[in-house]
Amino acid sequence: MSNDIADRTRKTAALYFDGVEDEKPFELWRSFDKELGKELSLFITGRMYAREKLPHKTRQLVTISALTVLSRPDELKLHVKAALNVGCSVEEIVETIFQTFTYGGIPTVNTALKVVRTVLQEKGLWPVDNSREQ
Amino acid sequence: MSNDIADRTRKTAALYFDGVEDEKPFELWRSFDKELGKELSLFITGRMYAREKLPHKTRQLVTISALTVLSRPDELKLHVKAALNVGCSVEEIVETIFQTFTYGGIPTVNTALKVVRTVLQEKGLWPVDNSREQ
Amino acid sequence: MSNDIADRTRKTAALYFDGVEDEKPFELWRSFDKELGKELSLFITGRMYAREKLPHKTRQLVTISALTVLSRPDELKLHVKAALNVGCSVEEIVETIFQTFTYGGIPTVNTALKVVRTVLQEKGLWPVDNSREQ
Amino acid sequence: MSNDIADRTRKTAALYFDGVEDEKPFELWRSFDKELGKELSLFITGRMYAREKLPHKTRQLVTISALTVLSRPDELKLHVKAALNVGCSVEEIVETIFQTFTYGGIPTVNTALKVVRTVLQEKGLWPVDNSREQ
Amino acid sequence: MSNDIADRTRKTAALYFDGVEDEKPFELWRSFDKELGKELSLFITGRMYAREKLPHKTRQLVTISALTVLSRPDELKLHVKAALNVGCSVEEIVETIFQTFTYGGIPTVNTALKVVRTVLQEKGLWPVDNSREQ
Amino acid sequence: MSNDIADRTRKTAALYFDGVEDEKPFELWRSFDKELGKELSLFITGRMYAREKLPHKTRQLVTISALTVLSRPDELKLHVKAALNVGCSVEEIVETIFQTFTYGGIPTVNTALKVVRTVLQEKGLWPVDNSREQ
């Protein structure tokens, strides 16, 4: 059973963060406390993320919404990459961010959009096609 | 064109808030300033919500995530009802709220779960079937 | 000199809170710690509020803006009353609250508007004349 | 091993919440999702709280500080009771709350002090001796 | 009528942001979504800012208060420049920021003061005359 | 008496910030307003910090908790140094930060851990011994 959860943690982490070269939170935690770092990974990735009650794409958009309104750009950067990894389109990510304006205000939207721009620039995908004017 | 947007606002508001008897924000705004209240409705409901770039169900889960981590229980109550109106299941709403724990902490999860419980009690749908123990 | 500051504290408190019957923060502080309660009053009311660098009306609108976006309705209720005491109109208070929408989102605007409504109801000034439709 | 952690969870929960009759978060979680509720308890109580790296009294003051500045009065009420259970004095709890003024502002201090007052009133310990005037 | 609002948006934007060379939010929005970017500009600048219910100077101080306590330094930088453009003095801006200490704590005051310093340095107006010691 | 408080302010400031070369808040305040800067120092350092109701070590951990969940990394950096100055161990500081996860979420924990890492790197104390794996 404890092998199960370690295994699920590894697979879920790979699904989300494959190819992401930024420092991952679990690397940071472990540099301070190996044991707690492992427990946090097992819980967050192996318990929360591995649940099958929301599709991975929806789960990531929900996460992006939370990180946008809380204004956590470092964590958001990781999860924009994770969202792309599990199949979210740039347009869905951007629309999720704009959607938070009504609830969290425009400055956190702007910060989040700049994070998306940075990710797209790193991937050579900037500028986006924005010619959706009426 | 300005008829179009007024029309879209009415239809979108109906889709989300049909049968919701709590005071709606636009009623509150108008009791202070009729003109601004109308402009806010046209913009928020007619412009933001009427966009077709995210399915309504996803848009509501994104909104529930934002309102949970910001701890806005009054607004959340409206949007839990709106989420049910556009077809989200109780399980999806609850999972979205639990998912925010990692990013916004557990107290705002608890507040949001109590809001969901109140909505379900009002609708005679409480307690939920929670027998998902392994 | 220490008489000066105590005197200024009393006068400023009277200017803002005359006739306000809600529990005042300094009463709460003193019920836990008389000395610290006194120091907090002298500093906040006697030092910060007694400065003459912003007109009292502007200072109160600035405070209402901060309390709105932070969502502190108890404190806001006191300062809506203080704002009326120093000469702000209901319309200026309401406009200040609406103005924060862009920066802090709509749910905190709604909470603040409900606080204003409660104050106006207590004073027999509700409903306001909102017939400013074009 | 998984017995160990369940056992540690129970003992730690008893240490903190013995005699506390308010609804506990794990009861709320379980009413929505038994399995996740159990996992959250095992992690939060069994992993985080059972660590021996901070004395329980210090850990509770640290928690009270966080809950004060985040303005989470429901959760704070539970943890004021838990702090008393593990041996914090009323004076230490109150001083911790006042100490956050500089960092989080006075409105959240006021909200937290009212929570402490409610707890002390429930226990028949109100008013406190506040005769510490110079 | 829709020409009116476009016109008011342009005039209000010029009043606030003339000579400001930082990236403006509407440029950021449009780089992702031309249509929504335009709608946001028309609403925020043309509807909210163009209202005549608060003098522009007061409106900017109210905005600076909100951005200070929410800790949004990028947005604040733009609005410190806008505040100077519509006639606020450095002293009024700084006093507004200090005034938020009581409500939002000192760290956000410090962040905001550093933003003001940066703006003044860019304009060659640093250091300010601070010789107001008694 | 006013000499007393000035004296206590100096001694308390020395205890906390001796050897800390980062810009101190009181230097920032004074560069804008000498008089208010002095009053803020006297109040925050001389009144709040000089109280003897919590041991300095506990007071600093309480402060670190507040600054972590509010995500104020600049202020946190100063107080991690102050905590080390008054005798907190790195392990106590880190455990305090991890303890806030449950209440404020993981992104602010991560930001705070990075601040600690920066402080330890400046002091030549990085990496820490983290070999506490079971």
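Should a chain be cited, it is by its letter among A, B, C, D, E and F, assigned in written order, with residues numbered from 1 in that chain.
One rule holds for everything that comes next: a residue touches a chain if its C-beta (ideal position, glycine included) is under 8 Å from a C-beta of that chain, and two chains touch if they have at least 3 such contacts.
Just so it is clear, the structure is predicted and the values come from calculations on it, not from any experiment.
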Equivalent of B-F within the choices A-D, B-C or A-C, defined by over half of its residue contact pairs recurring: A-C
Separation of mean Cα positions, subunit D and subunit C [Å, integer]: 31
Centroid distance [mean C-alpha coordinates] between subunit E and subunit D, Å: 40
CA centroid of subunit D to CA centroid of subunit F, Å: 23
Residues of subunit E whose C-beta touches two or more other chains: 36, 44, 51, 67, 69-72, 75, 98, 101-107
Chain contact topology (line, ring, star, complete or other): complete
Subunit F partner contacts - residues on subunit E that touch it in the complex: 71, 94, 98, 101, 105-108, 110-111, 113-114, 116-117, 127-128, 130-134
Subunit F residues within the subunit D interface of the complex: 44, 48, 51, 53-54, 58-59, 61-70, 72, 75, 91-92, 95-96, 98-104
Residues on subunit C engaged by subunit F in the complex (per definition of touch): 1-2, 36, 39, 43, 47, 51
Interfacial residue positions of subunit B with respect to subunit C in the complex: 25, 28-36, 38, 40, 44, 67, 70-72, 74-75
Subunit E contact footprint on subunit D (complex, rising order): 69, 101-107
